[in-house]
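In the two complexes that follow, chain A is the common piece, with chain B as its partner first and chain C second.
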Partner chain A sequence: MIWINALVQGLLLGGIYALAAAGLALVFGVMRIINMAHGEVIVLSAFLTQMVTGALGINPMLAAVLILPLMAALGYGLQRGLINRAVRSDPLPALIMTFGLSIIAQNVLVTLFSADSRRLDVGPLATASLRLMPGISVGVLPLAMFAVAVAALVMLHTLFYRTGAGRAFRATAIDADIARTMGLDTDHVYGLVTAIAFALAALAGIFLGIYSSFDPFIGPSRLIFAFEVIVIGGMGSIYGALAGGMILGVSQALGAQINPQLQQLAGHLVFLAVILLRPQGLFARNRS
Partner chain B sequence: MIEPRLAAPRLSVEGLSSFYGSFQALFGLDFDLAPGEVLALIGANGAGKSTLLKTLTGLLKAPPGCIHHNGECLSTRTPATITRAGIAMVPEGRRLFATLTVEENLLIGGHVRRAGVWSLEAVYDLFPALRAKRHQLGPQLSGGQQQMVAIGRALMANPDLLLLDELSLGLAPVVVEEIYRALPRIVGPGISAILVEQDITRALAVSDRYLCLRGGRVVLAGPSAGASTAAIIDAYFGVSA
Partner chain C sequence: MSIDQTLTAARAPSLAPTVPGIVPSAPSAARPSRAVLPARIAAAGLVVALATVPLWADPSTQRLAGEFTVFAALATLWNLLASYGGLLSVGQQAFVGIGGFALYGLSVLGGVPLLAALPLVALIGLAFAVPVAFLSLRLSGPYFAIGTWAIAEVLRLAVMLFPALGGGSGSSLPLDVLRTLGEDRASRSLAIYETGFVIAAACVAMTALLLRSRWGLGLRALRDSEVAAESVGVRVRPLKLLLFSLVGMMTSLVGAVVVMQKLRVAPDPQFSVVDWTAFVIFMVVLGGYGTIEGPLLGAALFLVLREVLADYGAAYPIVLGLIAIGVTLKMKDGLWGALGGPRRWPILPILRRPPA
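Moving on, here comes the complex of A and B:
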């Protein structure tokens, strides 16, 4: 029973890992930029959420209504004001720029919020649970967060494959020059894509801040998880990210069940196994 | 902004130079294009034909004041602004959005929503072969059908100036014939075109005037009807008669 419990917890946590990875994959997919500051976007969102919940006395889940648009606006502004200058066929300038942003963000965070470790407090909701069958129960909160994460990914997929905006995103991703000659404002497209990525990262940041503690320097570890999810799931597929997240979550949960110290290592080992055996990812879409 | 003059040419190019970094590819080009007129660009590889088209679409920067379209200065504008003003391109090698369906490619072309006769239906009427393939991806189509999508995609912008770069590239002669048969239904009623074509005979047959480029300069120009192929070939290769 404890193994099934661990499996369920892992699956639920995996939905949030997928959310954390989706923004990273999106930015890479459309602009060929590896956003090294993605982890800091996640952490910053958690800190901002704690500020808002403290100031207004509201639940972190409710604070998301405020934080998501705020982070989306920050993403749009950052992309148009700064990162767009580094978008070109050579991925290195953008990589270095976002790496610099990551270090700046860590230092700004530690100055503003101190190095203390924190956690988002959701009140009595944190301990509420549902009994699925004798011996197996799931937390109401993890279940709700998982549902929201999956809903967000389904919305992202719908936006990309069912709307005119998504069509413009995909066209820009394939050939930005030709997209420009079709009248698309690619700078604006890049801004919108980063806005969406930041909003997804913000949601992941809030959920991860509820799950586990965070501090100004935990961004890189969040980034590693996001990378691993993308590599496991396969680049360029939103549902692949969901599967990748769940595989990582389950690996960690089962590892922790064997020995609590194995939690992180088990995830890394599965990631390495995928890199060795199927480097294109388990759910990569065939590109012809 | 200057009001477009009524009698303004569709396109007016004056002293146009263009650069790739420090390499100069075009040297002071001058030519006009009237509404409904078709201009053929003739020249060897590296003569500057594609560079000229890229400069006209804004993908390459043009010096200020060199390009006027319907009386409005378009140099230094972004490619998106230029497309909205009515210039659309069928790029060399087609460059379809490979992971988008035929119909999605066409819809991207229609993104600027200029008013005009071209719509999805009109494009499918022009190229009936595309209607059945509307939900397939570009790479699943034959080369000729891909070229039809590229043309349709440009038409969806309802341009009044169409830039056609090497329509026959890599296509079988019978397919080239089919594509060119559609041309009179595209250009003519108010739509001008600039056409890059390696086959000089064909270029002259479908155009009103021609411009022969060599080394980024105009070396010969004139009306296509009655043009001397021999003189053009001499200009093309730089052999003095």
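Moving on, here comes the complex of A and C:
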């Protein structure tokens, strides 16, 4: 029974990992850069949420309504003001720039909030649970967060493949130069992509902040999970990211069930197995 | 003509390396300026001063110089990997960690004298570097970068599973192990410092020799265009595997030096991505990407900056991050490039003349 419970927990957590990964994958897919500060975006959102919930006395889930647009605006501004200048075929400038932003963010956060680890408080909702069958129960909150995460990914998929904006994103991803000659403002497209990525990361940050504790230096480990989700799921596939997230979540949950020290390691080992056996990912859309 | 007489870009413009500042764009720069001899004498003087630090410096200066040797070696190695091999690794802390824990395991648990353990550390580093190279090179571009980082994380967590290595909180080098370096404190600190110096010097010498060899030519071709390099007979994959493994091995030796200098080893600081990779990348771009002298200059600047800002808590990483971003935007060749170093004072030139 505890194994089935762990499995369910892992699947639900996986939805949130997929959310964290989607933003990273989106930025990589369109701009061919890895945002090394993606983990800090996730952590910063959690800190901001805690500030807002403290100041207004509202639930973190509600605070998301404020935090998501705020982070999206930050993403747009950062992309247009700074990162656009580093989007080139050479990956080094963007790597250094986002690495720099990551270290700056970590140290600003530790100066403002101290290195103490903290957690978002959702009140009585945290302990409510549904009993599926004897011995197996699911928390209402993880279930709700999973549902929101999946809904966000479905929306992202729809945006990407069914709307004009999505067509602009895809055109820019395939060839930015051609997209520009067709009249697309690719700088603006990059800004929008980063805005969406930041909003997705913010949602993931709030959910992860409810799930587990965070501190100013936890960003890199969030980034690595997000990255592993992309590699496991296959690059460039939104639903692949969902599957990848669930695989990572389940392996961590089962690893933790064997030995708490194995929680992270089990996830990493699945990642290593995937790059060894199928480096294009389990659910890659194409082999390129 | 000597080997350092550089070739003008005009001869084969399409094949010119893309790192600016190395191949001079103006024909007048085809010969190194007269300033190169004084620059070489000054550089030699600096090297002698650095080699003899324990003879003339106070302990705190010696500690700083020791850190310089560590960062100079790491910056040189990362530069070799990234600017010549095109391998943007952010996982070099894996090898600093492996080297450090290998030294601890060999000396404290295995009873091998510290200096005698170093060749074994190199072998262990190599034994890890080869499979890590095979694994991480299955990913390309930015994915390779984070892939190396994830592998470093795996190794950090794996080390934590072994209580004999100190577990999560780490452990110190006991005195009886340190005594294998010398009976009194002064001789031990001399031995530790000189180990760091020799390893750093070996890294710089290895890089310069490698880049002046046939392999160096292959590497430069590979960096400019993998497809073109392959088409003229450079065996891209073996060369990358070889380079990554070699750099990993040398980096593990630097990791051993870190433990000797700190007299302590713990998983988190020993596998720190910020200390051993992020800051090192900043040093390389700050000093000058794609040159031999630039990373050394960058390492020195980093330490000066850190000492100046030491009293302001989290200020120095923030300032360093800002500088790295600024350099990326405004000064792409780093300080050495901005000063015209590669043209004016090619102290350790790495270009070759084409066959006549």
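A few remarks follow.
FYI, the second predicted complex is superposed on the first by the 286 of 288 C-alpha atoms of A that agree within 3 Å, B and C clash if a C-alpha of one lies under 4 Å from a C-alpha of the other, contacts with A are read in each partner's own complex, and residues count from 1 in each chain.
Convention: a residue touches a chain if its C-beta (ideal position, glycine included) is under 8 Å from a C-beta of that chain, and two chains touch if they have at least 3 such contacts.
Please read all numbers here as calculations on a predicted model, not as lab measurements.
Because the two structures share chain A, they can be overlaid on it, and in that overlay chain B and chain C fit beside each other without clashing. Of the two partner chains placed by the overlay, only chain C lies in contact with A:P220; chain B stays clear of it.
Once the two complexes are overlaid on the shared chain, A:S137 sits clear of chain B and of chain C alike. In the superposition on chain A, contact is made by A:L82 with chain C only, not with chain B. Partner contacting the larger number of chain A residues, of chain B and chain C: C. In the superposition on chain A, A:A168 contacts chain B only, with no contact to chain C.
After overlaying the two complexes on the shared chain, residue contacts for A:M182 are found with chain B alone; chain C is out of touch.
In the overlay built on the shared chain, the residue A:S129 is in contact with neither chain B nor chain C. For the combined model, the angle formed at the CA centre of chain A by lines to the CA centres of chain B and chain C equals 80 degrees after rounding to the nearest 10. Put simply, chain B and chain C get as close as 9 Å, counting only Cα atoms, in the superposed view.
Looking at the complex, you find that chain A touches chain C at residues 28, 32-34, 36, 82, 85-86, 91-93, 95-97, 99-104, 106-108, 110-111, 220-221, 223-224, 227-228, 231, 235, 261, 264-265, 268-269, 271-272, 275-276, 279. Chain B makes touch with chain A in their complex at residues 57-59, 78-80, 82-84, 88-89, 91, 95, 97-100, 104, 107-109, 111-112, 137, 139, 153, 157. On the chain C side of its complex with chain A, the touching residues are 82, 88, 90, 135-136, 138-139, 141-143, 145-147, 149-151, 153-154, 157-158, 160-161, 273-274, 278, 281-282, 285, 289, 313-315, 317-318, 320-322, 324-325, 327-329, 332.
For chain A in complex with chain B, the residues that touch the partner chain are 164, 167-168, 170-171, 174-175, 177-185, 287-288.
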